[in-house]
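Both complexes shown next keep chain A, but they swap its partner, so chain B is in the first and chain C is in the second.
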Partner chain A sequence: MATPAGALVHGRRFAAGVAVGVAAAGLLGALALRAARDHEGLLRAERTDVVTLRALTGVVEAAGGTGDGVRKGVAAFAAQAPELAAIRVVAFEGISLEASTAAADTGDKAAPRRLDREEKDIFDRGQRIRAAVETNRQEGGARKEEIEIRPLPSGGFGFAAPVELGGNVAGLVDVVTAPVSTRLGFGPGAALAFFLVPVALMLLAWRPLGAHRHLLAAVAVAGVAAAAWLYGGAAVRTLREDRSATEAAVRERMASSGAAATAALSAAGIEAPLDPQAWDADLFRRPLAIVAPSGIDAAKSAASFELEAGVLRRIVAGLAALAVAIALFAGYGQAATLFGILRKHREAYAYVAPAMVGMSILVFVPFLYGIMLSFTDSNLYNTNQPISDIWIGLKNYSAILGDFRVVTRAQDGSWMVNFDNFYYTFFFNVVWTITNVAIGVSVGLVLALILNTKGLALRPIYRVLLIFPWAMPNYITALIWKGMFHQQFGVVNQVLQIVGFHPIAWFDRPFTSFLTALATNGWLSFPFMMVISLGALQSIPSDLYEAARVDGATKWQQFRGITLPSLRPALIPAVILSVIWTFNMFNIIYLVTGGEPGRSTEILITQSYKLAFEKYRYGYAAAYSTVIFAILLMYGWFQNRVSRGTEAA
Partner chain B sequence: MTRRGNRSEEPAHLPLHLILIAVTLVTLYPIFWVFTIAFSGKQSLAIAELPADPTTWDRIRSVIPWPADVSFSNFTSVWNDQPFGLWLLNSAIVAAATTVVGVFLSCTAAYAFSRFVFPGRRAGLMSFLVSQMFPGTLMLIPLYIILVQWLGLGSTRIALVLVYAVTAIPFCVWMLKGYFDTIPKELEEAAIMDGASPATIFFRIVLPLAKPAVAVTALFSFMTGWNEFILAATFMDKENLYTAPVGLRFFVGGFSQSWGYFAAGSIIVSIPVVALFMFLQKYLVSGLTAGAVKG
Partner chain C sequence: MIIHRLARLGRAIAVTSLLAFASAAVPALAQSPTEIVVWHAYRGEEKTAFEKVVAQYNEANAAKGVKVTTLAVPYDAFADKISAAVPRGKGPDIFIYAQDRLGGWIEAGNTVEPIDFYIDKKDKDRFIPTTVDALTYQGTLYGLPLNFKVITLIYNKKLLPTPPKTSKELVAAAKKLTDAKSGRFGLVYSYGDFYYHAALMNGFGGRVFDAQRNPVLNNPDNVKALDLLMRWLTVDGILPAEPSTALVTSLFNEGKAAMVFSGPWFLGEIAKGVDYGLAPLPTLDEAGGKPMRPWMTVEGVYVAAPSKNKDKAFAFVKYLTDTPAATVLALEGRQTPANKAVYDDAKVKADPVLEAFRKQVEVAVPMPNLPEMTMVWSPATTAMNLVTKKAATTKAALDDAQKKVAADVAGLRKH
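Right after this comes the complex of A and B.
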């Protein structure tokens, strides 16, 4: 790093760094608070409307789900609930619209009537909700939402909840709310003024501390920390006030919906108790037990708020760290150096940038994200939980790599191979790769040598015909070969029978199943090696052979001394590439053998695909994939060393 | 047979021809088989129906790749009764866009890696190489989250184009860089003396000289977009946005066993790639060997 001229340059750099850092952190912090407040706004609409919906559902259930009582009750409820634009009650029996206050359902479309074909979406919604309720009940958990919410173009929301009669979901209450604004907007702009604290501190410290870089850094860190602490506090207070307003709104709604429900029950002529406390519930209809008509449980409210406050605090802390990083990066002169490099090589970076940006977003970030998933217990049931809640450290890796039970003893004392074991699959994967590459290279090389014969007629035609397998899409090839190995109709078994053998059930035994995949992939991969070898052979100058002949070398000596060494520079990279391709040759294994029988012909990559998309163990599958990557990386490193070693020798 | 040269020096040609003919027949047999099934007019994967007690001749008949009755019905039904034309159009759009984006990104990056010395050059090349080892299954779920949840590109062709173009970059960059390295720098230096701008040099001098390698890059990008099916099956959940590979597997996957439709569809899908491949294959050898040797 160049020594800057003049002591004040440090102070200036730190001041600029702090300014840029806090500007970035302040902007992101304001956006984060806005997102949190808007989320709270949505939550408020959701919670209040769920209260009304549950009150209404209670009335419908008390009225028996069908009949005149329901219609009278719904009409009376609607009269006292201006927040609802339309109410519809559907009974599954007879697919009938039992009651409706929607403007469209008047005249000859008035309830009760059978649902139209165009109204199938309402019925489907009901079936979805019924399935969700039953699933949750069977699993004894809460996985599928029992109340469906959908935003409507009008600005309101559509809510749908199940009507339960005698423990069964017998119908559906579908309401549309009047348009509401859920946006709470940007937080207190004044709080952003806290970010002026570090800037002011830097301006004060800049001249006196000019040459003391570490002291300047300490001032920057202290200033940013103070600003973050103040802003974080203000942000959490704002959000807390929003939450209190939400709870007040819920309580108010409980009172108004309670009145509507009472009126509805008396209009329907029913005596039934109301339980307003249970109306404040989540989308699985589990009571939150925070708000009651009598008051708000402050302790429970604080506990439920703590989660969101924690997230916001962590975000602010992260932003502070970002601001500090920017300040120190600029302050210690790294930023200046970086800008210098960027400016000097701007042309090169401009050329590389588009590809690099694309690679970063669509290759490197997903890769890192996948590695992060490998440390979690992510699966189908917890995809919505934050990463920190499902973090399990190295457990996936120890489960994969620490399980050495490759062979187990069965009940009758015979030995059995555990095909699900990682080491078995790895062994199979290595055998698969070596046999395939060996076949590809030997067949390709022999054909290339034959095709390189001088003066051989029809050479271009053979060459074109022989590279057909390479040109064909490999998933088509795989499906063709699977068809040809069909036990009953496949042509391979017909040929065997012509020769006098019995037909073979190819996919019933691991070895024969392996042979089908090997045949497919061998067919697919030899043209690549052939083309590479042929290209290299044709580039060998013929006078080398002339000279060798003059010296009396035999054909074999010429092959050993001239042909093979000239092939090596082309063949080694081709072999490395083909080892990597074959090791991860997903399509062939997945489409030809499918791992049959009993996962014995699974390779690592197909195994990890099935773990993710058939068993939905995302975290475990990610760890499995990471191990595959580590294996390939080690192979690449080893190969690199070996080929360098041989080149040097 | 023509025989040139000294008999003791050159191997006899007849046995070589016999070997080549045998290998060629074995190589082409699966392709004949697809044609037979496609033109059989049936959905069965057997070439001929065997009687209850087949003779050897019946069995021989059932492996000769010629249909019992030649019929175009599989082609007409795939085209008219199935939405295959639409799927093919989707594939064509995706593959063409992938080619354009992929070639642009690869050429610019490869040129920089070949011509400029800059901090991060080695790391960049290395990271491209290492990215070839990333297992696809590791990326699938994160890619879904990024493209569908973050960028909101679920069920769009843009998502597929972006992913395909980017996954083709590392291979293309390494190959193009190898080729660019072989183009003498003096040409560009002369152009600079004549006052040409860097963009002119790149587009008017380097790219035309690198035509073979660019052709291979284009072919590779096109084939990536045209042939891929796992990502397409994951991201495209609307039937009218299926690409041809997803559609083809639809014919013989799960409980469906429409081998006739599959065979007819396979031929339609393969014709463009095979034709392109054959047309560009003369560049392929030079491109691949230049990239591989110099890499």
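Right after this comes the complex of A and C.
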């Protein structure tokens, strides 16, 4: 039975935990909402300015892209569009600035003229947009943005859109908007008060419920959940209002830009129809069809908002989970224990802190980034897009692990191994590891036994020579061995020919190709095993052997009964280590066989490298690497159990 | 007191004069020449000729405050080094490399500067048109062509006085000179290598990518080209089995190969005593008399996008690809410039090797510079191996390769 004073400890801990938890959640929640609102502000600027830009582009296209008509139209448009600080129209033909309302382009710099060298970036932007339009058309998709936006130091934005004449991109409209604030603020500050709900609940509950920890926990969870639900609702409402305001702003801009375009057309003396509805478009110039001059499609607007609302709801839910975790951690006394430990061993923790910081920056951050990448479709073409746009969930993993077509039937009915398949490569990787370790251990052990012979002359020299393969950088060794297996000039085939055999095209068949890599890696791996075994052999007390001899044991019995069991504690960790090294032995495979023929001698790590740097599929390659990591993690777990077993023995 | 003041005055004077001296030194510092760094992968005589041309440029432009320095980067590491260093602003101002990696660099961004803005039609017309096409990606020019490399027909004059002009003549001549038992062959080339096979493929009008940049490895023309190769190999029997580049060299040097399809790199490997000649690849009677059209690789000179001295860098690019410099590269570096005017030079005209490659390039096709090309090599090599070892029919092997490449390309482009 807990004393009343002891019981109050639980209540206090829960109350403190809830307070800290909701403070953190409230702060992060406010920041998340601010980020969401800023994003909405940017979107508003983008959508309204795209409307103006497309209205303007329509005028330029109607005026034929070049000539006086364009200049008159642009001037009239600019007069009615105060949101634009400068308009430039460029025609690719002759690299000419056709019209400009920029302050600098007056006097002898007035349009039309050829672009200056300093203005090369405008021309290049135009060419980039032209290439984007053509690429999208060729691929029948929307992969490259056809309207480019860039934030300017002035606080405005630069927008650029293609001018299309007769189906070809012939020029570019480049506008600079007046400085505009896209910050919509922090959002409903009052709603943050919802986070006081759980604190208030705890204050009411901690005395009456003092001794019942689980009840206190239930109150904390219920309070946090209620607060999150209320705050989430308020936040989504705020964002929805922001979105409505955006739609209204787009509609307003549609009207004003429509008026500007009408004025521009009449100034240029052209009759052309206007299609304001198409002006509300994304950056691929695909109409969004949400806002029209006649009204706003509320259903479509709401549907387009669902994604953002979902993200925000998930963030709030996550923050609530965080708050609950903190509350329970503190409430059940874990926090107090942790702080106690930290305080007790504070010197030790201070000493390891720099290493932990270094590790997290150099190891964990890239590692987590890699894992995150594995859930995306990141590739050469979309490295500039935000992660959320290329998120594809577990698709990479299901493509890697769900493909069981290891063998396929060729058209003539014969079976063919699909060397690109994950399971084939995994199988090869395992065979590669086992054979290599077997060779390394047996050759190393035999050499160690020979070197351990009593009274062997020149032993130090032999030992140095035998360790030599290990001391050499392994890529140099790999390249030397590759050369030795050359079909015509390689020493291996030369020897074969002297003995009377035909030269072998080593890299033309999977098996012989595998043998070359195996020989190279065997050469590299035996010295390590030899050194380990030698050390262990020398530590076996010689009186054991004397006793065995006295008992009449044969050499073989001595070896089985004394030598091998004594080597076990040294050999097992060495084997475990070399399994991991060999499993990921990138250098040897990459340099000696290069995966030839037809990727049949690829191991997982080289396959992953080729996926990233030959096929440019970074996300897929990251997933591949994560799978390799998982395999090695399982192996590591197994290894831990085995080595614990050996320690016990 | 007066002494104190004087001392103070003296100190003031010293400080002012020091300042004056310093300010005089500042413009002197500013005049230190702008350094333009060029990365290249040349070795041997190519490097010597290249450095000579650079030295001439530096001499002529010392007054303008420009100094070009060169750095030879090993070829194997070159492309990866460019990909890693240039986008982060750590690379050179200019680099020279073949066009095959160009598309990848452009798609990755901030690596290669587009140069359409700098040049006009006159500048472009200096070059063999296809070499300019090789450096054009989606309608934008990204570099000026320096040298090109193509394969051509190299023949042993002792075995074959006049080179064949058509594929029928080729087969007839080769049959006479083939005696497989004694290891003699009329024609030897690395036909299993997709790069070499491309000459036949392009001759039939075949291609790897269509105009929409979609892979079309199994189009009927490619199948026809592979069928012809198999006829040469199995019916006519004029080709050896498994022709590695080393085998090609040794057969030719031992006088056991009358004809070889290979490029400028092969010439350095020909033994001293062999009297050889160069001729354009034959026309294909099987393709209605159209010429064989080898793939051409073009060394482009690119301005790095993050360079701080793009104007000055481009001035050097223009100089390097202009006639006087390119002539030195041709005559002393033994390279084949993309600049047409070089071939009007009397000494170049008198050079049979340069003239032969100049003729061959007329029908050559630029090797695709699309980034997707890296995905083609491995499946195409597999297909070539299967077909030449008679493990699959031409159509089936190409269908299979097409499937693989199409899947890889779709994996990259989906979005």
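The working rule: the second predicted complex is superposed on the first by the 379 of 649 C-alpha atoms of A that agree within 3 Å, B and C clash if a C-alpha of one lies under 4 Å from a C-alpha of the other, contacts with A are read in each partner's own complex, and residues count from 1 in each chain.
Everything below uses one rule, namely that a contact is a pair of C-beta atoms (placed from the backbone, for glycine too) under 8 Å apart; a residue touches a chain by one contact, two chains touch by 3 or more.
Just so you know, these numbers come straight off a predicted model, no measurement behind them.
Asks: Counting only touches as set out at the top, which of chain B and chain C does A:535 meet: first, second, both, neither?
Replies: So A:535 only meets chain B here.
Asks: May I ask you to name which of chain B and chain C touches more residues of chain A?
Replies: Comparing touch counts on chain A for chain B and chain C gives B.
Asks: Pick one for A:486: touches chain B only (first), chain C only (second), both, or neither.
Replies: both
Asks: Of the partners chain B and chain C, which touch A:190 in the superposed model: first, second, both, neither?
Replies: neither
Asks: Looking at A:143, would you say it contacts chain B, chain C, both, or neither? Reply first, second, both or neither.
Replies: Touch partner of A:143: chain C, not chain B.
Asks: Looking at A:103, would you say it contacts chain B, chain C, both, or neither? Reply first, second, both or neither.
Replies: neither
Asks: Quick check for you: in the superposed arrangement, does A:130 touch first (chain B), second (chain C), both or neither?
Replies: The second partner, chain C, only.
Asks: Applying the touch criterion given at the start, work out whether A:628 contacts chain B, chain C, both or neither, answering first, second, both or neither.
Replies: The first partner, chain B, only.
Asks: Check whether A:456 is in contact with chain B, with chain C, with both or with neither, and answer first, second, both or neither.
Replies: first
Asks: Using the superposition on A, tell me which residues of chain A are in contact with chain B and, in the other complex, with chain C.
Replies: In chain A, positions 486, 488-489 sit in both the chain B and chain C interfaces.
Asks: Considering only the defined contacts, which chain A positions touch chain B in the complex?
Replies: Spelled out, the residues of chain A in touch with chain B are 341, 345, 347-349, 351-352, 354-356, 358-359, 361-367, 369-371, 373, 447, 450-451, 453-458, 462, 464-477, 479-481, 483-484, 486, 488-491, 494-495, 497-498, 523, 531-532, 534-536, 539, 549, 569-570, 573-574, 577, 580, 584, 586, 604-605, 608-609, 612, 618, 621-622, 624-626, 628-629, 632-633, 636.
Asks: Which positions of chain C touch chain A when the two form their complex?
Replies: The contact residues of chain C facing chain A are 80, 104, 107-109, 114, 116-118, 137-140, 211-213, 242, 244, 246-247, 250, 311, 371, 374-375, 378, 381-382, 385, 391-393, 396, 399-400, 404, 408, 411-415.
Asks: How about chain A: which of its residues touch chain C in the complex?
Replies: 95, 115, 117, 120, 123-124, 127-128, 130-131, 134-135, 138-139, 141-143, 377, 379-384, 390, 410-412, 414, 420, 486-489, 505, 508, 597-599, 613-617, 620
Asks: For the complex, which residues does chain B have touching chain A?
Replies: Those in contact with chain A are residues 1-5, 9-11, 13, 16-17, 19-20, 23-24, 27-28, 30-31, 33-34, 37, 44-47, 56, 59-60, 62-63, 104-106, 108-109, 111-113, 115-116, 118-119, 121, 124, 127-143, 145-147, 162-163, 165-167, 169-170, 173, 198, 223, 226-227, 229-230, 245, 248-249, 252, 259, 262, 266, 269-270, 273-274, 277-278, 281, 284-286, 288-289, 292-293, 295.
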